Amino acid sequence: MKAKLKFIVPLVIIAFLISWLVFAGVRDSMVYYITVEELLEDVPDVYGQKVRVSGTVVHGSIKNELDESLQFTMADGKEKIDVEYDGVIPDIFTDGVEAVVEGSISTDNIFVADLLLAKCPTKYESDEARYQRKKG
Amino acid sequence: MKEILLIFRKDLLVEWRSKQIFPTMLIFSLLLLLIFNVAFEFRSDIDFHTISAVVWITFIFSGLLALGRSFSLEKENNAFSFLLLIPVSRSYIYLGKLLSNLVMVIVSEIFILPLFLLFFLFDAKGLSLMDTILPFLGVTVLGTIGFVSLGTFFSSMAVNTKLRDMMLPLLVFPLIIPVIITSVGVCSSILEGRPLGYYAFSLQILVCFDIIFVLLCSLLFEYLIEDSGD
Amino acid sequence: MKIAETDPFSFKEMRKALFFLTFALMVLGTWMTFFYAPTEVVMGHVQRIFYFHMGTVWAATVAFTVVFVASIYYLVKETAKWDTLAYCSAEIGMLLLTLTIITGSIWAKPVWGTWWTWDPQLTTTFILWVLYAVYLLLRSGAGGRGKKARYSAIFAIVAFVDLPVVYISARIKRGISPVVFGPGGGGIDPAMMQTLLVVLLGFTLLFILLLRERIRIMNMETALYTRGR
Amino acid sequence: MRNFWEKQSDMQRGALEIEARQLEKQFGFFSVLRGVDLNVFKGEFLTIFGPNGAGKSTLLSIFSTFIKPSGGEALVAGFDVFREKQQIRKLIGFVSHHTMLYENLTAWENIQFIGAFYDVPDLKDRCSDILHSIGLYSKKDLPVSTLSFGMRQRLAIARTFIHDPQILFLDEPYSGLDYRGASLLTSILDLMKMDKTIVMTTHNIYEGLSLCDKIAILDQGEVVYKSDQKPSGNEFQDIYLSCVRSGDRK
């Protein structure tokens, strides 16, 4: 009995701690990216530092002309920032998509990105369903 | 409880007599320090996060060196077998070895840490004892408990495998990643001069990891050291 | 030496039935993936790899859970069959997880714009992969059979504690990987859901089929090796 | 100085001290012990012979609680090796050809470290008694690494008696010993067998036969020969060769 207890008590503690970690949430363990708002808060300390920022692409802001780099505005709540990017553009990159950019902000408040990632949607729907929803 | 202290005392006595592990760890750390500085081309603009990462890489590499050695010493003349004959719960044996390894690793870290901060931060401006050094040491102790608990556990496994000490980093590194992530994060926050509230949650997580690992390892130790004879 | 004796699951008919059922479901799942499931509105046809991706990651999860449970049983009972089960399951799980990472990568390149990024979910999956790579390595380097079995069982148990972290991490704030199901998830088109369920069932059966065959082979190897002892 | 080897006890022959019933051990798929039956009574000396890999060491490891058996039953001093390990550990001593000493500690520290785990009254006196009795008291403060091999071996054997175990397991104690060491060990064992239960495995036919009360031969995990009388050397060779199947296990 005593031997069993010696086994069970630690197991219960381990189980409790793991579930605490799961449910209390690993809140700040690793920030994969910051938001536009957080980025602008850190100005001017953040000039020249390499950061990863996420935001929504503002409708109609994408300028993608030949021989020039891609330019668009990324927003997040109230804050906005202009982004410049030269490289491969993800297929789903378009107006209203959530994007993640890696790079640094220059002193004239333009974000120069080395890498542009698009987040895939968390809601999967078919063409038809969206058409129906828009109609209704 | 008496048994844990007996094993702890014996281990420190063995190390005191042989003076093998401790100097090796120190010199190894200094060499790593040199290599990092050379690799960074003696730059002075290295950010706090990189410094914390470098410090932790050094702690873990030199720490694992000591852990591997501590069980090889037990295997000489099969001395460990005799320890297993003693009427003591096997988790006490584990806790005794854990305690002695902890003391050795932490003491060496206390020696290394000021050197690192000095070599990387040069002027050490803005480093106050209360706000930086002591919290840094506290986190170091917490992180070290996490990786030494797993390290002690798996080094007793590694010495019995064909690959011996080569196996130890393979077993330990992937498992201690949570500890590394958290410790490095907290250390860089401390260097940046953030208040305690900023990283308090990470500290809680770190304490959680420590408790989970120590409990799990002392539970499983009995199964680990059973002599399979082949 | 009668091989049949060493195979605890050797019911010939059941084996056949399982094989055909798995085959049928996999074919059906593939057909549904390409012809039944609607095209996703944002990502287009690329999104169809989602079903295969989910299938492999689900089966890998099942596999690693089996490794964990079998490892605990081995430590308690010390009978070889639990070790065989754990080992065979780990091998298949490793294969499935590798496929998961590859399909995920193929999916991420056009959609996100990169093959790999250190997003929390990707990182933890990678750690999981490394853990089981070490598990298989430990088996090759441990020494005798008894030691091999016990050491790898212990490692598997400790490693499994890392598994919950993998699943939390998808829910960590601000990952780039999608959280489709559960609270905070976006949801999924019903036809897509049906396809997914068929594929998941197919992969579960595929895992069971592979596991049984692998155990059979393992037992044959052992029978050969221990013959005449 | 009192000779501590001669400890009077009220033990009498007759009670069952060590018992194995259908003892099984598998390592993975390999059966190392298959249905071993053995009885040793209080005060008896059993010698187990057998070729390499017969399972002798495994059997002793099971009795001394290093290894958990896979099946069957084993009792040491009435305690079950599955469940009552700690009680057994208090009563037994174990000697092998490994010295199991810490090289960097002194002779005194080695003995005292082990003694501290048992509830030995007057530990210090006991330690010095032991060191006197093996003639190493003058060297008590030297690290073990500076002692000769014979001295270390003596120290290792003597250390086993720190808690005055009533049962002794000796796993190939003669291998690696030179002539002097071997004769010392024999004389110690000769004294010990007065009041202790001893099980020894050995390849050394002469020593094994001269000390024991009864013999057993183990081959491929099975007891192939058991006898309560000890045969002469020549008889034993005939028995051994007829019982042990030729050919290695692997």
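Here are a few things to note about the model shown:
Which chain is which? They are A, B, C and D, in the order written, and residues in each are numbered from 1.
Note that in this section contacts are C-beta pairs under 8 Å (C-beta built on N, C-alpha and C of every residue); 3 or more make two chains touch, one makes a residue touch a chain.
The structure presented is a predicted model; accordingly, all values stated were derived computationally and were not measured.
Central chain (C-alpha centroid nearest the global protein C-alpha centroid): B. For chain pairs A-C and B-D, the one joined by more C-beta pairs in contact is A-C. The distance from the centre of subunit A to the centre of subunit C, with each centre set as the mean of the Cα atoms, comes to 29 Å.
Per-chain CA centroids place subunit B at a distance of 39 Å from subunit D. Subunit C and subunit D have Cα centroids separated by 49 Å.
If you average the CA atoms of subunit A and of subunit B, the two centres end up 35 Å from each other. Touching two or more other chains at once are residues 89, 212, 216, 226, 228-230 of subunit B. Looking at subunit A, residues 14, 18, 21, 26-27, 29-30 sit in touch with two or more other chains. Touching two or more other chains at once are residues 144-146, 161, 165 of subunit C. The complete set of chain-chain contacts reads A-B, A-C, B-C, B-D, C-D.
The part of subunit C that touches subunit B in the complex is made up of residues 75, 127, 130-131, 134, 137-138, 141-147, 150-151, 153-155, 157-159, 161-162, 165. Remark: subunit D residues 27, 30, 32, 57-58, 61, 64-68, 86-87, 89-90, 92, 94, 96, 98-105, 109, 113-114, 116-118, 143 touch subunit B in the complex. By the touch criterion stated above, subunit A contacts subunit C in their complex at residues 14, 18, 21-22, 25-27, 29-33, 54, 88-93, 97, 100, 115-130.
Looking at the complex, you find that subunit B touches subunit D at residues 2-3, 6, 10, 13-14, 17-18, 73, 76-79, 81-82, 84-89, 226-230. In the complex of the two chains, the subunit A residues touching subunit B come out as 6-7, 10-11, 13-14, 17-18, 20-21, 26-30.
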